[in-house]
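Heads up, the next two complexes both have chain A, just with different partners, chain B and then chain C.
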Partner chain A sequence: MSNPQKTHAPILKVEHAAISYETRYGDVEAVRDVSFDVHRATTFGVVGESGCGKSTVAFGIVDFLGANGKIVDGSIKFQGRELVGRSDAELRKLRGDQISMVYQDPMQALNPSLTLGDQLTEVLTIHRDISNQEARERSIEMLKRVYMPDAANVMDRYPHQISGGQQQRVVIAMALLNNPALLIMDEPTTALDVTVEAVVLDLIEDLKRDFDTAIVYITHDLGVVARVCNEVGVMYAGEMVEVGSVEKIFGEPLHPYTQGLMRCVPKLGSTKEGSILYPIRGRVPAPKDRPKGACIFAPRCDYATDRCLSEKPGLISYREGHLSRCFYSDEINPEDWSPSSDMISSFSPQETAPAGEPILKIDDLKTYYDQESKSLLSLVGMGEKLHVKAVDKVSLEVPKGKTLGVVGESGCGKSTLAKTIVGLETPRGGTAEFLGFDLSVPVSDRDVKLIQDLQMVFQNPDSTMNPSYTVGQQIGRPLRHLGKMHPSEVKEEVIRLLNAVRLDGSYYKRLPRQLSGGEKQRVGIARAFASQPELVLCDEPVSALDVSVQAAVLNLLLDIQRDHNTTMMFIAHDLSVVRFFSDYVAVMYLGHLVEIGPAENIYSPPYQPYTEALLSAVPIPDPTAEQKHIRLHGTVPSALNPPSGCPFHTRCPRRDLLPDGGKICETEEPPWQYNTEEHRIYCHIPLEELRTFDPVVTSR
Partner chain B sequence: MAAAEKASLPKEQQKSRLAKLWDRVSIIFESKVALIGLIIVLFWVFVAIFAPLLTPYTPTEQDYTAQNQPPSRAHPLGTDSLGRDIWARLIYGARVVLVMLPISDTFWLPLGTAIWGVLLGLIVGSTLGLMGGYLGGWVDEVVMRILDAMMAFPVILLYMIIIAAVGASATNVVLAIAIVGIPGIARLVRSLTLDIKTRDYIRAAETRGENVWYIMFVEILPNARGPIIIDAMLRVGYAIFAMGTLGFLGLGMPPPSPDWGSMVAKGRQFILSGSPWAALWPSVAIASLVVGLNLFADGLREESLRYQ
Partner chain C sequence: MFVRDYMTRHPVMVEPNMSIVEAQDIMAETKVRHLPVAGEGKRLLGLITRQRMRIPPTELASLNVWEITRYLSNLCVKDVMVKRKNVITTIPDIALEEAAKVMTEEKIGCLPVLEDDIVVGIITEIDMMTLLTDLLGGYEAGVRVTLRMPNQKGELAKATGAISDQGWGIYASGGVKTPKDPGHWDCVIKVRDVSQEDLVAVLEQIEGHEIIDVR
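What follows is the complex of A and B.
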C-alpha cells in the first residue's frame, strides 16, 4: 500500500455535498456536508454502518438518486468539471465514458438473456465508433486482464453459466472497458464467499495500479478497507466523521466513533478469554431524528460535553491529511478509554470452564437431498435418483457448556447440518444423539422435552420474527406451547427474558417493524432461550448485523451461555467472529468435515490445506498485519457429483507436496490424522509436513 | 444500553391508540383514486341501509297509471313497465347485494350476498391454498389440479351450471360466487404461502414443534392478509357483476324481488320504444359499484406499495 501520489489534481472532488430524499413525511436529508477528494491510482474507501448514507454518496456522484432524491447543496467536481446541476444528457455522456460503477450483486448487473460477449462489446460500440470485431477482441483482452480463465469461450456464455466470482470479474471488466478515470464500487464483494472475495480484492489492487484509475470503494467491512484502500472516509449518520490514510485510521483513529468501531470488531486471533468486544451504546439515529446544530455522534459518545450538544463540529484537520469531525480529537487518547461502569459488569472476559461430557454426539451423519435427473425415464418414475450430498460422513462431539463453531463457504453444508440436528431435515444415514435422544427423528415426531432442549437462533433479523405479532406474544408462545406455563405467569417470564437480552418491559407490546435489526435479533435469542434449552444452534446470528450491533449480540450470547451453562453450535462464515466466540471449531468443505479441534489449534499450524486457504483469504481489519497469500482457483465442485477421494483435491494448493502430484488424493479418501486427542485433520499430507507450515497471519 | 434505547423510543410508540388507527386509515386519503372509489361504495352502502327512509314506495308496489315514465318529481328515476318506482327498486336491490342476505322469507343475515359469497370463497380458498403451498407434495398436486380443472370452465358457464343445478335463490347465488372464486383465491394464497414459508419465523415455529394447522393459520395467514384483502375487494366487484349477469339471464333472485340484473333484462325491451330508464339505471348502478370497488382496491394497493 504505497503512499498515494498527490501531485495531480484530484479526479473527484466532493465538497459539502448534501443529498435529500422526498418522502411522505417531507424531505429527509440522507447525507449532509460530505467532502472528500479522490486521486488517480488511489482507492478511497467509504466505510460505515448501514443507513449511514454510503451508497447515497455513490449514487449522488453519478446522479442515480431516483425520482425522489436530489443533491440540495455543495458541489461535486469530476476532473475539474462541476457535476451538480448538469442535464441528464450531459451526465449520461460523462458516466458512460469516464465514470463506471460496480454493484454488489453481479447477477443483477448482468442481463441473463444476453451472452457475456454481447454485453461486453456493447459497452464499447455504444460509446465509441468501434467495429464489432475490434470490440470483441478488446473485450477478450480485458477478460484476460481480470484473470478470467478461458476468456475467449466465456464470451459466448450466459451469466448463469459462470460462477459468482467470475460474474463479478465480468462486471469489473465491463466497468473498465472504457478505461474510466473513476470507478465506483458499491460493496462489490459482499455477496461473495471469502475465498472468492480474496481473489476479487487482489484483482482490484492490480487494476488500480495497471489502469491508473481512481476508485471509490464503498463497504461496511473494516477488513476489506484495510486490504484495498489507500484512504478512508468514515461515515456516520450521513456525515463524514473522519478522513485519513488507511494506516492512520486504523493506527491512530481520531474520532470517537472510529475508535468505537475498532473496539467492536474481533481481530482474527482474539478470543473470548483474552479480549472483550465493546459495542457502541445506543443506535444510529434515523435521518429525521438526527440532532441539529450539535455533534451527530454526541448522544452515543463517551466524551461528549455540553459544547458537543450545542455546537456542530466541522471536519477539522488535525494532522497532515487526517481530518476528524470532533472538537477534542487532540485530547482523546483511545488507550485511556475505559468502558462505562454498566459495561464492565456485564461484559467481562469469559473464564474457561472445564469441558464437560459430550452432550451432542454425531457419527457418520449423512443428509442428502434427492434430485430427479432430467431424463425421460425419471418422468415416469424410473430414472436414476441423484443425491445432493449436503452433509456427508460428518462425525463430531460437542462437550457440555462449550461452543462449537462451524465454518465453511456457502454451500458447504453447515446450515444443512444444523437443520438436520434440529429436525427440519431427516438424515439418510449415520447416528446423531443428544441427551439420550435419537436425532434422526423429524421435529414433528420429537418428544417435547427434546424440542425444549434444542432451540435455534436464526440469521436474518428481518425474518426471524413474525411481523403480525408483538414481541410479547412471540416470546410467550414457546412458554405456553412447550413449557405449559400458566397464562398468568407468561407475561412476567417474558419480561424477565426481555431483561435478560437487555431490552426493557416496554418492548412487550411492540411489533417487529418498530424494532431495529439488533433488537429483533435479541428478541430471537430471547425466544430461543425461553424454553431453557441445553443446546442452542446459532445459524449466522450476527452476519446480517452492523459491527457495533454485532458486538452487543455476541456479548449477549456469551453472557447467557455463561449464566445457563448452555452448549452452543455457532455457524458462521466470518472466521474472526468464530475464533472469538468458539471453544472448538469445525471446518467444512463440500459436505465433509475437513478439520475439527479446539479453536486455537485450528488457527495455528498444522492446518488442513483448505483451512489454511480460508484463513489467508479473511480480510483482517489491520493494514499492518502480514497475511499469507494463498488463493484458491476454480470453483467449488457440484455436491451432486463430488470429486472422488479427497473432496478438496480439485482446488488444493498443497497436493504437490505429495508424491506424483497428489495422485492419491484423487483416488483414496484421506485418513483422519490426530494432531492431539481433540484436534484432527482430514488430509493425506503427513502431519509432520503440515506442522512445518508457517502461521497464516503475523501481526506486528 | 436499555436506558439509551428507551430514550429514543420510536415516535409511533408514543402515540395514542386513536392516532395509530388514524395512521392506518389515513392511507385512504393519500390516494385520490381510493377516495373516489370509497365514496362511490359508501354511497351505495348508505342508500342500501337506509332504503326504507329514502323512498315512500316499496320495491314491489305497482302503479298501473304510471308505466314506463321518465324521471319526475314523484318518481326520481322514473318507473318500469309495471309502474314500479325504479329508485325504490334500485336501493332495495342494493340491500341484497351489500347489506343483507335473505335466507328465508323471515330470516336474513347481515352483509350482502356478494360479500357472503366472497367470504365463503375466502375461507375455503385460503385453506386449500395454505395446504397446497405449505404442505406441498401430493396434497399440492391434487388440490391444484382439481382447481385447475375448475378454472378451465368459462366463469359464466360455471355460474350457470351451478345455479341451474341447485336452483335460483340468494343462498345458492352465495354458493355459486364462492365456488367460482375458490380457484383464484387458492392460487393467490398458495403463491403467498410459498414465499412466506421460507422465512425464518416459520423455521422457528417448526423447531418449536408446532402442528401444521397452527403454522398455516396463525403464522402464515396473517402475513398474507394485505394482498388477500385487496383481492377480496376486487372479488366483491366481480361477484356483483356476476349477480347482475345471473339476474339478467333469469337465474338470480326470483321475481318480483328487486334484482338489478333482472331489472335490466325486463327494461331492455322498452329501450327502443322510448323508455330506456328501466334498463339504464340498474346498469349504471352495477357499473358504478363495480368501478367504485375497483378504484378503491387499486388505489389502496398502489398506495400501500409506494412507501414500502
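What follows is the complex of A and C.
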C-alpha cells in the first residue's frame, strides 16, 4: 500500500529555530537556524558529536531549557499549534497529555523512594482523573506491553530492585501511558549494554508501529541511527548540516562533515590491516568561537574555498527530501576523497608481524570478592562465606606485540580481570605470569621493573588525573619514579611524549581542566607509555569520546604500538572497535571466558552462542546490512550464585539443539572445543553443529 | 478491518477556551476539517467542524461592523462546538462498515474514536475513501478488470480460479450487485504482473461472465 500517512500534516514542525543561553559573557547561541519536520509513526534521528546542540533542540521543543535558556527566533509547531511563547501552564498540560520524554539515565527519571507502581499510576491519576484501581490496571497492561517480565509484581518494587534495562523500560512505559503523539528520546540506550540496548531498540520500533507515535531520537551512535531512524538530521556546532532519509544519509552523504563522520567509525568486520580510520581534523568550536557569516564547518573542511569563509550556506535541497548545508554538495564525491598528506604517512595499514612468544600467561585465574552472609552467625564470624566470582577459571595468553580485545556485557568481569593483572586485586587462585614476574602479588609489593612494564589507560581520563597538577607534572612523574631519569632530562622527554600523542609543547603547563576530553585521554596515553611498558591495559579507553576523537585516539594507540612493539589488552564493549583494533578477542560471560581466538575467527562461525547473540545485538552503522535477530531474555544471573554447569545456560537461545533441551548444560561444565589451535569455544554443542550457523551480519 | 486500524491516532485537538481565530489557524495549518474538543486528560467535550465556524446569517444581520469584530474576538471554541451529548462517536473495536453506516445515516463527516471517554483517534470520510481506493487496488500498478457475473454461488471462484491457475496474483477485488439488475453481480479484480491481452484471453473463456471493462 502506498503510504497515505504523508498526507497528514507533520506532528512537529520546527522552522529556523534559534536557542540561546544567557551567560555572563552575553547570550550564547547554542542552536541556530534548525528546521525539520517529524511525521507520525516515523523516527527522526538527531545525530552529532557532543556539544553540537542535540539536547538543546530536544529541550527547546518542550521549553525545558532552564532559567537561562530561551528560544530567540523561529517557530516550533506541534499539531499546528505554535509552542514558542506559550505559558508554562499550557506547556505543562501538553507535556502531560501529548508530548513525553525519555532521558539517558533511567535512574534519574525515577524517584528512588517511591514504588514503581506509585510512580506509574501517578501519571494517570494526575493528568487524567482516573481512579487508583483503574490506573493500576492500565499501568500493569503497559508494563506488559514493554515486555516487562512479572509486571504485576514489579509494580510493588523500588527502582533499585530492577536492572538498568528494566528501569529504562519502566521509563518508556511511563512515557507512553498517556498515549503521546510525540515522544522525545535523548540517548535512551547509551547507558545500557548492547544486548539490553537491542531489546529496547526493538521495543521502540514496535511501539512506533502500534501507537503511531512520532519520535525524535537523539543519539551520537551512528549504528543506532541506522537501526531505528527513518529520517536523520546531522547537527554540527548548533546547526543542522544535513537532513535526509536514513538510506540517503548513509548511502550518499552530501555534507563533508557527514562524510567525515562515516570515515571515523569502523564498520563491523573492518580490521586495522585492511582499513584506516580517518579522524576529522580540528575540533568542534565552542559556541562563542563559531565563525560568523561563513560556513561553520569550513575550518575543518578539506573542500573549503574562499566562498565558504565569506558566505554562509543555507540548507539547500539537492535531491528530493535530502538537504545539505554546503555550496558544493553536488560537486563533492566522497569516493574521490584522499587523506591529507600528514595522515597517509602515519596511518597507512601495515602487515602485522607474526605472533611471537606469549608475554602474558594466565592459567585458571580466579578473583573472588568476599561477601558476608546475612545470617546472625556472620556477626560473630561464623557465618558462611559467600563469594562473588568476578573472574573464574580464566586461562589465556597474549603474544608479544599483539592486542587482545576483551568483550562482554557489564558485570562480566572484564575490568576485574584487568585490575587483577595490574595488581589492584589479589587473585584467589590460579597463576598469572608476565615476563617471569608473578602477577598474584598486589601492586604495593611489586618490583619497580614490573610496574614500569605494566601500565594502564583508564576509561575516564577526568577521574584519573590529578586536577591540580599540570600535564607536565603528571607525565613526568612516572619518568622520575620508574624511568630513573635525571630530573634535567624529564621535561625534554615529556615534550617528546606529548608530540608523540600529537599535542605540542604548550600543553606542558596546562591543567587538566583546560583540555578537551580527547586531549585528556591523549595525556593519559602519554603517561601510560612514559615508562616504555611492555604491556598496556586499556580499559574502555575510547568509550567516553566522540567518534571523530575516538578515531584519532585509536590511530594514536596503533601508532605507538607499532613503534614500540607494545603488547596491549583492550577492554571495550563496542564490538566494531574491538574488531578493528585487536588481533585476538576474548569473550567473557559472568566471570568465565566463553570463547577466545584470533579476531577474524570470533566474528564468523563457529560462534559460541553468547558471542552470536552479542554480535546480533550490536548496532551496525549501515542501514542496508542484514543482521540475524537473536535477543537474550532475562538478566545476567548473579555472580554470587552463578548457574551450575554452563554459566550461560539460563539465557542460551541455542541449548535446544542438544538432546533433552540441553539438560547437560545445567549439570556439567562444557568442554573447551578447539576449532583451530588458537580458537577455542566453551560449549556443549558440537563444533560441527556450531559451524553450520549462518554468519550474523551480511552486508549487501 | 476495524476502526482501530484505519483511524488517525493522535488527532489534532483543541481546548474549549481557545479562541475561534486560533482554532481556525490550526485547521488551516494542519489541513484538518474536524477538531475534537478535549479537556483534561483528552476527555471529549465537543467537536468543531468548518460548518460550525460559520456565523448564522440571521445573527450577522443584526450586528454592525464594530459589533462583528467584538463578537468574533470574544468567540471561543466552547461557544460554537457541538456539545458532547450531541457528538456521535465510535470505539476502536468496531468493523469499518459499521462506522461507515453510522456516518452515512447521520450525514456526518467524522467520528471521534473513544476509549472510556478519552479520545484515541478520529475516523473521517477521507479515511473511508482511502480504504475504498486501497480495497480496489487503486494505489498499485496492475490490470483492473470489471466482470459481470450471474448472482449465484461459485461464480467469483471461477474467475479467481482461472487467474490463479495461470500463476498470477490478485492484488485486490471487490464486488457489488449490478445497479438496476439484481440477477447479476459486478466484480472488480486487480491483477499484477500480467498484460491486458493475456488476462482478457483467460477470462473470456469463462462461461456466463462478461468483461465490462479492462484498464
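Operating definition for what follows: the second predicted complex is superposed on the first by the 695 of 700 C-alpha atoms of A that agree within 3 Å, B and C clash if a C-alpha of one lies under 4 Å from a C-alpha of the other, contacts with A are read in each partner's own complex, and residues count from 1 in each chain.
Everything below uses one rule, namely that a residue touches a chain if its C-beta (ideal position, glycine included) is under 8 Å from a C-beta of that chain, and two chains touch if they have at least 3 such contacts.
Every value quoted in this text rests on a predicted model; they were computed, and no experiment measured them.
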Clash or fit: chain B and chain C on chain A? fit
Determine, under the contact definition given at the top, whether A:87 touches first (chain B), second (chain C), both, or neither. neither
Regarding the shared-chain residue A:113, is it in contact with chain B (first), chain C (second), both, or neither? neither
Thinking of the overlay built on chain A, is A:692 touched by chain B (first), by chain C (second), by both, or by neither? neither
Give one of first, second, both or neither to describe whether A:676 is in contact with chain B, with chain C, with both, or with none. neither
Taking the superposition as given, does A:133 touch the first partner, chain B, the second, chain C, both, or neither? neither
Between chain B (first) and chain C (second), which does A:482 come into contact with in this model arrangement: first, second, both, or neither? first
Report the partner of chain A that touches more of its residues: chain B or chain C. B
Once both structures sit on top of one another, what is the angle chain B-chain A-chain C taken between CA centres, to the nearest 10 degrees? 120
Could you grab the smallest C-alpha gap between chain B and chain C in the overlay, to the nearest Å? 38
What is the shared patch of chain A, the residues that chain B and chain C both contact? none
Residues of chain A touching chain B in their complex? 23-24, 279, 281-283, 285, 289, 299-300, 342, 422-424, 443-444, 446, 448, 451, 454-456, 458-460, 463-469, 474, 477-478, 481-482, 499, 502-504, 506, 510, 514, 519, 524, 527-528, 552
In the complex, go through chain A and note every residue touching chain C. 1-2, 4, 8-9, 11, 40, 77, 79-81, 93, 97-98, 127-130, 178-181, 211-214
Give the list of chain C residues in touch with chain A in this complex. 8-10, 12-13, 22, 25-27, 29-32, 40-43, 118, 120, 130, 134, 139-140
Can you list the residues on chain B that touch chain A in the complex? 1-2, 4-6, 8-10, 12-13, 30, 199-201, 203-204, 206-211, 219, 222-223, 225, 307
